[in-house]
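Going by the order they are written in, the chains are A, B, C, D and E; count residues from 1 in each one.
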Amino acid sequence: MMENSNPMIKITNVHKVFNKKLHVLCGIDLEVNSGETIVILGPSGSGKSTLLRCINLLEEPTAGSIEVDGTIIHAGENSKQRDAQILDIRKKTGMCFQSFNLFPHMTVLENIIEGPVTVLKQQKNEAIPYAEELLDWVGLTEKRDEHPSRLSGGQQQRVAIARSLAMKPAVMLFDEPTSALDPELIGEVVDVMERLAKEGMTIIAVTHEMHFARDVADRVLIMEQGVWLEEGTPEQIFSHPKHQRTRQFLTHILQ
Amino acid sequence: MENTTTDQQTPIILSRIPPEAEATLHGIEVKKTRYRRNLIIAFAVLITLMVATLIIIGLDFKFMIKWVPFILTGIGYTLLVSFLAISLACFLSVAGALGRLSLNPVLNSIATSYVSLVRGTPLLVQVYMWYIALPQIGKSLEDLGITGVQALFTLPAIPAGILALGVCYGAYMTETVRAGIQSIKIGQIEAAKALGMTNSQAMRRIIFPQAVRVIIPPVSNEFIAMIKDSSLVSLMGVWELSFRAIKIGRRHFQSLEMLIMVAMIYWVMCFILQLVQEKIETHMARGDRGTS
Amino acid sequence: AGKSVLEEILGANTIKVSTDANYAPQSFLNDKGELEGFDISVAKEVAKRLGVKVKFITPDWDLITAGKWGKRWDVSIGSMTPTAERKNALLFTLPYYSSPAQFAIHKANTTIKTLADLTGKTIGVATETTNERYLQKNLEIEDVKIVYQDWKPGKIKTYPTDANHIEDLSLGDGARLDAIFTSRQTLAEAIRSGCGKGCPVKMLGDPTYYEPLSFALDKSRPNSQTLVDKLNKILKSMYDDGTLVKLSEKFYHTNLIPKL
Amino acid sequence: MENTTTDQQTPIILSRIPPEAEATLHGIEVKKTRYRRNLIIAFAVLITLMVATLIIIGLDFKFMIKWVPFILTGIGYTLLVSFLAISLACFLSVAGALGRLSLNPVLNSIATSYVSLVRGTPLLVQVYMWYIALPQIGKSLEDLGITGVQALFTLPAIPAGILALGVCYGAYMTETVRAGIQSIKIGQIEAAKALGMTNSQAMRRIIFPQAVRVIIPPVSNEFIAMIKDSSLVSLMGVWELSFRAIKIGRRHFQSLEMLIMVAMIYWVMCFILQLVQEKIETHMARGDRGTS
Amino acid sequence: MMENSNPMIKITNVHKVFNKKLHVLCGIDLEVNSGETIVILGPSGSGKSTLLRCINLLEEPTAGSIEVDGTIIHAGENSKQRDAQILDIRKKTGMCFQSFNLFPHMTVLENIIEGPVTVLKQQKNEAIPYAEELLDWVGLTEKRDEHPSRLSGGQQQRVAIARSLAMKPAVMLFDEPTSALDPELIGEVVDVMERLAKEGMTIIAVTHEMHFARDVADRVLIMEQGVWLEEGTPEQIFSHPKHQRTRQFLTHILQ
């Protein structure tokens, strides 16, 4: 596997302990290069979401360091610029949640320009053209002035992606973006993710969508009990898994 | 059954409602109308019973009607005090809720003490504190050499009443606002943070606007309650509704009549406010569904 | 059903007397927390002469003024003035004493020397008392000639009860009030033992009028007249044997009992 | 990074917490302890300030202390009235909520009128109605030939107070109970129905037991509020806390001292009840997570 | 297809109209024989749930009739025994919901005996042995005294099935019983359903579990816009769908 002197994301020996006892991440390392698409698989409770949330510091890692696009945060450090650094990393990372989490009191367009206007201090009329471009890109131009509650789950997730992209992030994180969706709506969201990957976005996705993992991902990692069980190209993982447990897990998932 | 519809090429067009179904739907409508009619009858009977009771008690209606205009003159004070007090309470409750949720020990303890003290003591006592105790504090400060404080602290009845009610309701509403803020799903806060918002940006732009919708119904309940509690300023001699009613009642030894009358006035006010409240709530609910 | 109130009282062997325990020295809680005062003693004496026990009920003044007492209590012995309006709802006995109405100012005040100096000043008074009606020049008491003052107060501030305006005046001269107007014996009690070491107020001028005070009965309760007659008879005997004067001296330190 | 853990054969065993992490965890602990300490300091300062204020006002503490035992004697009535009234209110609120949710027009209109009337009029007036107006109704009925009613309807002060408070709070709590019942997810009712339960079985076995958990916190708030409102029975001459404090205050023209004292007594009572309430709530929350 | 003189379930020309206008079921006919396993497929909003809910009268049909095991209900009729008949049908039909709907204030065992005790008026000690047998059958004997919140989704759904079975129903209805479950937990629920089918229970299931539809179902029906689009054996439907729209829909579902 590629060693890179300047990866987009560099996670070093990250531990996460909840409530003083629950050891969820046990020394995770991960490097992701610019433009790479990573898929993380693993049984429920293995710590996939926790890892994603550590990357944009929604959870503070208990030990280790996180580096995103040159900004580095060490666990347990108490420097003055730390808060600013955290915000900086968050601006550079877009995140899509399983439950979309659109802002229900705003229209679709307002959701998308919220980040640029409030966080990046852009003027509304500066922010709107790009927001419209993104809406067009996710295919929801005609929903511009609807409230999220009037959209289907798939449409909501696409708006959520556009909302993240409006911040022009360096990295996109997806945490099971399709698992709250009806089977027929999954396709439209995976499609958007695929186009995003093709356009060169750096992506880390936790998803059980086999099509995405097999055909779009550059690398697949399997997590179990807070450690990497196995990693490799989709070909390696799905066709020649090294581990007995990987094989077990995959048969589970692929029915 | 196998051929029921498979030959139908365009099942997308809604088939027309069949006659049997029409009959059932009509039956449902009829039941609804009948229910509404019965409800109205029941209410009418109840109101008649109530009026009958008032007559049975032997109330002096002539006396009551004679004094209506005099008492209604006090409604201005009642509304003025209630309105300003609820505004103050809104302000204090937001500050209080932020304090209660704050990680700063000073703000947190101030907010917590405020809520505990005010909620734990009768409003009556608080009215006295603002009216009688505050000037005494002013006097003591003056004795310590700070001139002009006593005059400042010797509040007239109406400002003292507004402060007493506002501060008291602010404490109760602090808990409402806090609950409203906490009712916002954690996902909303995380989404805001993931965009890079600071805590205060997330509070202002995302949490608070959503919490307001949760908060408005209980707050309008509080306002309705305050209309009634505002009668406490009569203790300080403000000639509002209750004061006038009690005064006339005492003079003629017909307090019961006067109190029933003033109760009816309060009830009508509350009723109107409740209608307004329902309007606001349905309006907001509509916004929720996004048809703006 | 045709029993008179008097018969009912004798039958029950108890007379129920309402009194508002808010007014020292007429009716108040003493240092042991028991009811005491001029009204209380008079009521006890009346019961004794009726040959029945007395039961005190201590509702708020506003509940007493609600009228429609029904059988909750038989008579109010609470220093009530028989004004024209009250006579519509109540029956009154003969007066059992009379009370002087008195202005007072803050102890520290040196500028107000006569009643006329109160011109334009803020005066505190309890609502719906004869004192308030007097200030409004709107007081009518049968058999009493009222002489109004020829000066005008600036602002009349009404309070729910007397204690409120006395406490308000005690805050300081002119803080909220310049003067107050109430019964002389209430003022005397405040000056003697109120506000910890005596309230800082002083009386101003002479009493402006004397009001008679009577027992009151509910007019709407049928067959009350015999009780009124009986109470009048008892009152007369208490006048005659000096009991009332003795009680007046005990509680008011002066004789407030008029000649019949 | 490729070989970090793939050679680890038993990732199921929780690895030990590494020293760096220990340090971070320790740091978090230290912060928490410091925060708690600061909070205690802040509270201590606040309490000192409050006491200082009371001293500055020039309160007559000797006088206050002298009367504490006499006033505390009234606590029995306060608790008795509050406790019986809240029991009545609980009963009425359940009945009221069922009425409000009922499809029977008579029950529905009775419950609706009850709530509207009682919530729209001041509690004070309701006290008058129970104390003064009810005997009048008795009298009128007696005049109509039903003997003994007047004596029955002439309630002594304490029962009248309990009725007034219980009926009033019952109306407010009706809405709480109704909200609690409606908060139960529709799926629960459907599951009960799918088992073949009747509406009343579903209500008794499934909905109500779940609603109770939602209802208990607001109801205990109501109880705390009632402790204070029970002072209204002093109007009818019940010698409870406020009655004693007010009479002594008036007698000595030191109302402020007595009111502050009685406020402190109420506050302590409320504080204790709040602690009890929190205990109950954490206890219930534990049950929720199923660790019984 | 088999015509049977005495089917377990017979639905005749059922219509359901919501809010006076929304015509969700448009004349549905269906006969199910004793011991048959039926799978209903169809796009979101086509009326599958509504049909199941009409069968046990959680929704009152607007027109048509429902017959379950000899008890028949006609829409719009207002007879005196109607309420009793509805309860009767509900006692004969077990229903499993997508969201399990276990009673959270009761333990697993209490959940299961709730129906027999409250509805069938059995004594507790009569009901417990059978409940324990059922618990054993769904493989959750050791969870007997837990509260539902302590169980995984799959375990909850299995308890829900046991709860329905405790009423000894003639028919079981499943409304997407696995769609709220994590992929790894689906298997355990489908397994229970499969055993139930094997043991001769009459089953109507709305489910997107292809394995169940293909290998366990006796018949598969496709619903669209409130009418049957197509029906047949799994073999017919999945391998030789007659309709263009069926084919479209199936490719959607099977990715």
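Rule of thumb we're sticking to: a residue touches a chain if its C-beta (ideal position, glycine included) is under 8 Å from a C-beta of that chain, and two chains touch if they have at least 3 such contacts.
From a predicted model like this one, the values you see are computed outputs, not experimental measurements.
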item	value
Subunit D reached from subunit C - shortest hop count over touching chains	1
Most distant chain from subunit E, judged by the mean position of its C-alpha atoms	C
Chain located farthest away, centre of subunit A as origin (C-alpha)	C
Separation of subunit A from subunit B, taking each centre as the mean of its C-alpha atoms, in whole Å	44
Centre distance in Å when subunit B and subunit C are each reduced to the mean of their C-alpha atoms	41
Rounded Å distance, subunit A centre to subunit E centre (Cα mean)	37
Chain centre separation (subunit C, subunit E; CA means) in Å	82
Multi-partner residues of subunit B (at least 2 other chains)	57-58, 132, 136, 139, 255-256, 259
Interface hub residues of subunit E, defined as touching at least two other chains	none
Per-residue multi-chain contacts in subunit C, two or more chains	62-63, 66, 68, 164, 167
Those chain pairs that satisfy the touch definition	A-B, A-D, A-E, B-C, B-D, B-E, C-D, D-E
Partner subunit D, residues of subunit B touching it in the complex	35, 38-39, 41-43, 46-47, 50, 53, 56-58, 103, 105-106, 108-110, 112-113, 116-117, 119-122, 124-125, 128-129, 132-133, 136-137, 139-141, 224, 228, 231, 242, 255-256, 259-260, 262-264, 266-267, 270-271, 274
In the complex with subunit C, residue positions of subunit B that touch it	57-58, 132, 135-136, 139, 150-151, 154, 234-235, 237, 239, 243, 246-247, 249-256, 259
List of subunit C residues in touch with subunit B within their complex	61-63, 65-68, 83, 85-86, 88-90, 127-128, 157-160, 164, 167-168, 171-172, 175-176, 220
Interfacial residue positions of subunit A with respect to subunit E in the complex	43-44, 182-185, 187, 208, 210-211, 249, 252-253, 255
Subunit D residues within the subunit E interface of the complex	185, 187-188, 190-198, 201, 205-206, 209-210, 213, 288-290, 292
